[in-house]
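We call the chains A, B, C, D and E, going by the order they appear; numbering starts again at 1 in every chain.
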Amino acid sequence: MAFFLETFIGGLMAGMLYALVALGFVLIFKASGVFNFAQGAMVLFAALAMARFAEWFPKWTGIDNAIVANVVAFVIAGAIMFAVAWVVERLVLRHLVNQEGATLLMATLGITYFLEGLGQSLFGSDIYKIDVGMPKDPMFILESVLEGGVLVSKEDLIAALIAAVLVVLLSLFFQKTGTGRALRAVADDHQAAQSIGIPLNHIWVIVWCVAGVVALVAGVIWGSKLGVQFSLATVALRALPVVILGGLTSVPGAIIGGLIIGVGEKLSEVYLGPFVGGGIEIWFAYVLALVFLLFRPQGLFGEKIIDRV
Amino acid sequence: MFYRENGQFKTSYRADQQIFPVAQDRIAVLVLVAAAFILVPLFASDYLYRAILIPLVIMSMAALGVNILVGYCGQISLGSGAFMAVGAYGAFNFFVRFPGLPLIPALILGGLCATFFGILFGLPSLRVKGLYLAVATLAAQFFSDWMFLRIKWFTNNSDSGSVSVSHLQVLGMPLESAFSKYMFCLALLAVIALLAKNLVRGAIGREWMAIRDMDVAAAVIGIRPMYAKLSAFAVSSFIIGVAGALWAFVHLSAWEPAAFSVEVSLRLLFMVIIGGLGSIMGSFFGAAFIVLLPILLNQVLPPLFSLFGLDISTAGLSHTELMIFGALIVWFLIVEPHGLAKLWSTGKQKMRVWPFPH
Amino acid sequence: QANEQFFPLLSYRTGPYAPNGTPWANGKQDYLKLINARDGGVNGVKLTFEECETGYATDRGVECYERLKSRPGVALFDPQATGITFALTEKAPVDKIPLMTLGYGLSVAQDGMAFKWNFPYMGSYWTGADILIQHIGKEAGGLDKLKGKKIALVYHDSPFGKEPIPLLQERARMHGFELQLLPVTAPGVEQKATWLQVRKDRPDYVLLWGWGVMNSTALKEAQATGYPREKMYGVWWAGAEPDVRDVGDGAKGYHALALNGYGTQSKVIQDILKHVHDKGQGTGAKDEVGSVLYTRGVIIQMLGVEAVRRAQERFGKGKVMTGEQVRWGMENLALDQKKLDALGFKDVMRPLSTSCSDHMGSTWARVHTWDGKKWNFSSDWYQADEQIIKPMVKAGADKYLSDKKMQRRETGDCQS
Amino acid sequence: MTQKKVGDVILDVKNISLRFGGVKALTDISFDVREHEIRSIIGPNGAGKSSMLNCINGVYTPSEGSITFRGKTFSHMNSRQVAEMGVARTFQNLALFKGMSVIDNIMTGRNLKIKSNLLLQALRIGPAEREEIRHREFVEHIIDFLEIQAHRKTPVGQLPYGLQKRVDLGRALAMEPQVLLLDEPMAGMNVEEKQDMSRFILDVNDEFGTTIVLIEHDMGVVMDISDRVVVLDYGKKIGDGAPDDVRANEDVIRAYLGAGH
Amino acid sequence: MDTRNIVLNVNGIEVIYNHVILVLKGVSLQLPERGIVALLGGNGAGKTTTLRAISNLLKGERGEVTKGSIELRGERIENLSPADLVKRGVVQVMEGRHCFAHLTIEENLLTGAYTRTDKAEIAANLEKVYNYFPRLKTRRTSQAAYTSGGEQQMCAIGRALMCNPSIVLLDEPSMGLAPQIVEEVFNIVKDLNGKEGTTFLLAEQNTNMALKYADYGYIMESGRIVMDGPAQELASNEDVKEFYLGVGGGERKSFKDVKSYKRRKRWLA
């Protein structure tokens, strides 16, 4: 029982961590209709910037205070993500207005390669450390009820809370503000949005900035968990089933999807895995998402896919 | 001036339905094919064969398969690597379990395994569409990665899970030299490309494209979405499977599941989009672009840097290569979102009106 | 024809394994530079090299191989990746170029009678696993004490990670411990489920068979689930600085195999610093010189160079050796302690001598432990148990040969 | 013009209702269509005209009611069955296959009639090729008929709107339908083009004896060429009869025509 | 034509799609302040292209203006973004509706007011649009994709009006609308023109209506302007009557009788 709970909670938290990355996908898709494959690379890029500036800042200035260094690094990394957003809009998106989804998808893959190359050449391809003081040791809850208690990772718990806060804020932004409405309009029809005066350029910079900041937060959390190095970009692959299960266009969907995927894959790995040799969680997550899609092709909370004649 | 279709009157629909109705096109393609079969062997070196031409030919075939599914039928798939893997391991199993089974039947059986796998993972496409489907096809990718690592039977119980083949023969002739490998792959590619072209310009091809462009309207004129989609999955995964088997048998000789990772799937999708969705020719262009570009950069950059007196570390070089690769992809998409094939046909259009600009 | 011996260097400085691949590649390069700078090459033969980025991908690796293999004076290839090794194992005999896979690659390739062109110098995953079990047994107070114990293998889900399994199963049968297999999907960024299982089953020891990010992640997850790091033992690919650096104190007490010595005190490293880095010719950062993987790179390259030197002894000093000649040199290496000392490798590695039937040359390793800041040796050298490994190698090699319908080499072939 | 012979009821729509959530798109609609006639459906925007067509050819499933085609009654059919029975249609918002050429678009209309299997098509030998050419000839007739010879090989996405409408018609004609459902075929055309289109419709009706169900907002056209007219408003039927009767119907004038007509 | 108050001046523009397809071959036209100008022509004449060129929406179609100039109140606007143009009061209602499929009708209308900030004004404007199109009000909460063709057309027009434009480029506003609504739309045009002084450029197929409401008309054919003049003059021109109004030679011909003959006049071959 305790173990089941542990796995379950562990799954929930892993799910929230995926959701954090998934959120970046959802944001950009929802607001521009672009499936941004570069989200993983952005997470890596942001984390690299954060890690390196936190390391360089004390060296340059001699101020040896971890908090100051982290804050400064976070701000600089944020600014860098802003610059990335701006450049991406200028050099890529602007020239691909009104193109099909597949083309845009490929363009973001191009951006992925570019960012991976740039990130590694600016910041190095070694493994770096982000230390924002996340507690690494576990805590135990329900010790009075269950023997040995239930282990919960403090680090994951904090990360999950941050993810939840981000989701609430972003959901409000999309549903309640005029800009949010404009963003959704852009996703539906670039040209029509242009025709009524929505400045695509600004919109895209805004969205990519927000997605960049989300990537930065994800990068900091995942980076402090895993260490910052290239493989960070591959967490995007783990976040994809979350995105489609929750629905490409739904911010809250990212969280719910994350929770379902997280729990599903952990339980499957722990309880089914041993019978088939283990290592099943990654495809299990995708198959799980696929099963949900068979019932709701637009994901749990996604906007209905409309085809009308 | 040289490229004109006026003056070439078609007197029968058969003539008009040829693959290349314009005589100049026909000649150009003939020359190309002849060059591939005759001219290339005259000067190609071992390196050119083994590191460039053979991978290029095999990847072109895989891209062709992907293009049928993605470009013609509009079902974006990120699981092509898995289809290649199934083709490779399928062929491998037939090859080692039936001693004496000739290579070509083994390849075809491998392709059929991939067909079966493709249909299985194509079933969700009946309900799931677009990007949702694209992501869902990754299930096939990760499942096959797992399957070939975990299920020992597929790898003939090898401890490490890596397998190898050797002593390949085609029609009694050994397939060892680079030249023979190249010719074999090229011949297969030519046959498959021809068959594929016939399919896409025939009734079934029209069904695929109809489903791609407007599925409700397609249903109204009597096209069954299920048949169209699954047949696209079947044909496409067959071709990809054969390509996968060739990749494993002829190019790598020994392989592990990582040889068909998700990276391969992505690159295949790349090839068809850069090359041009819905164009057989485009598959070749795309494969050439994606296969050759990194190699080219890798060889051209160092002398280029030293030319400008820049001393760049080897790591820096690799990163620069990655950046240029990414940037070029974006640049090509901007220049022509519909791919190199479209660029090609625009070029032809320009030639048609030459010397006038429009 | 220029009097130059060419060393193609396959490496990966980008991608998921770059943090580990980079120091390794740097060590290889720096040693070549050292030989040229200090000794003017091997008996006057200049050593040249070219690096080719594989990104750890098999097809890129094959392309690099095909591109570089026909350069004049190619000595040997070190593919730096298990997957590439598999592909090249099929190609090298045809091209007559030897492959050196120090500490990785196919375990069965130790059998030189079956694998004429493969040289898994200094150890394979079977010897590594064997030594770990010996060490654990010793720590537990004797191998018989392992009876009834549970040992988990947390491994990179790839041929690399799966190689040690047969040996461990053999050992488990011998000593009566239970072996639990826990695969981790590459590259290994998500291991929560694995460690939850570890927490549930509480194995007495965990063997870590990882590469790249998988290692540090495993250590962090172990910390997060409260598994004692002192009970964790890594292979030598999980025992370098990049694996523990960003875990810091969290990895304190973690043990791993050390295939080689390291540090800057050895003569060869001092020479590299003096002749290469101080001249501004160093390949990577100076502070990484002497690290675990860097030193391994240096060793690999030294063995390559010595093979050339050995070949020259037979086929003509001061000449450029062909791949076949280098292969002979690799097969007839005899580096005793005296030679090693002279080369500056005192305390960096154990003596090594190869023969026609033994392409490994040395099966020694020891254990080192991370104290939160640096690695410290915590055991003496062990040698893998020949009695267990030899039959397994023989059987494996025979299966390989029969699958391929090939024959063992004749003893006469050893002279060529 | 010769008097045309209108035959028996070929399509009988009985008590069809259709709702989407709260929206009642159609309520209890019944009407019939006789062989060889031109039957128009008119009504204000959102009245449910297109939805009616969608029910007939199986894109929507009506919540109540039945449709009888040549004596066989269905409460729901799938689009394929409808197509096999010889019902073709055009769409209000163009639903052409954008990436395909004009010829290919029209050829898709022949697909139901293609018999050779996948393998034969891949090899394209003997029967498969002959079949392809036979259908191609038929399609060329349609192209001649609709006067779009010049655009044969243009991708339809690049054609101006009016020509796309023609191609849409061509694709439906290629099915050699017995009943042809036309959803606003003349929207976005000028008078001259409407005249052309009317001529096509009348020709099809005359020469092939095709029954036509027409939705159109141009009263001039509707009143001139149709034999009988159904009027819908807010999903209800408010009129049915010969053009002149409908034109005089009070309800229809109020709901749709306005005083000007 | 009154040349003193030209707000929009299109000067000999050439448009090429995809680098090779030359569509406009030197089109010039002027829009006077407070005018209603009709742009007429058959299918494929280039009306839509002209409007796109003005509102700078060509780029998304891979088209570009290669020659000539477009001036808005004396300012060259070829290089402005569509959003800049909307800020300057020029808005286009695109052919084929282009409603935001996933947004409700009301959200669609509100996005039209993106460039405006005054909440009260926006609310008032919304009310005004609902007054013009009561049908929209009843469907306000339904997603645009699920409304009928005509409803979408109203939505598109209403959305453009929410920008509070001074110049509206209407591309085939009457397409797919019931006759009553068509009349309605033209009345709205007249109304806005009269009351608020909005200038209109109408690309239309419904020549009858267009000429009834416009002050001035241009007739296009294969990418060229072939005739222009005050609306009444055009309406009484014999050729126009015959080929665009369908009343050549006196009586309106029944659509039933057109089938036997066909003659087409082209001003330029």
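Convention: a residue touches a chain if its C-beta (ideal position, glycine included) is under 8 Å from a C-beta of that chain, and two chains touch if they have at least 3 such contacts.
Composition by chain, UniProt nomenclature: A, B = Branched-chain amino acid ABC transporter permease; D, E = ABC transporter ATP-binding protein.
Because the structure is predicted, anything quoted here is derived from the model rather than measured.
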Remark   = Joint neighbours (subunit B and subunit E) are A, D
Query = What is the chain whose Cα centroid lies farthest from the Cα centroid of subunit A?
reply = D
Inquiry  = When contacts are scored as defined above, which chain pair ends up with more C-beta pairs, B-D or A-B?
reply    = A-B
Inquiry  = Taking the mean of the CA coordinates per chain, how far is subunit D from subunit E in Å?
reply    = 29
Query = How many angstrom between the C-alpha centroids of subunit C and subunit A?
reply = 36
Key: Between subunit C and subunit E, centroid-to-centroid distance (C-alpha), Å   = 74
Message = By the touch rule stated above, which residues of subunit A touch at least two different other chains?
response = 116-117, 120, 125, 277-279, 282, 308-309
Request  = Spell out, as numbers or ranges, the residues of subunit D touching 2 or more other chains.
outcome  = 59, 91-93, 95
Query = Do you know which subunit C residues sit against two or more other chains?
reply = 13-14, 18, 22, 157, 183, 185
Query = Considering the complex alone, what residue numbers of subunit E touch subunit B?
reply = 16, 18-22, 62
Note = subunit B partner, complex, touching residues on subunit A are 29, 35, 91-92, 95-96, 99-103, 105-107, 109-118, 120-121, 125, 237, 240-241, 243-244, 248, 276-280, 282-283, 286-287, 289-290, 293-294, 297-299, 302, 305, 307-309
Key: subunit B-touching residues of subunit D, taken from the complex the two chains share   = 57-59, 78-80, 82-84, 88-89, 91, 95-100, 104, 107-112, 114, 116, 118, 121-124, 128-129, 132-133, 136-137, 140, 171-172, 175
Ask   = Where on subunit D is subunit E touching in the complex?
value = 1, 20, 23, 43-47, 50, 92-93, 158-163, 184, 187-196, 198-199, 202-203, 217-221, 224-225, 256-258, 260-261
Message = Please output the residues of subunit C touching subunit A within their complex, sorted ascending.
response = 13-16, 18-19, 22, 157, 181-185, 187-190, 192-194, 196-197, 199-200, 212-213, 216-217, 220, 223-226, 242, 245-248, 250
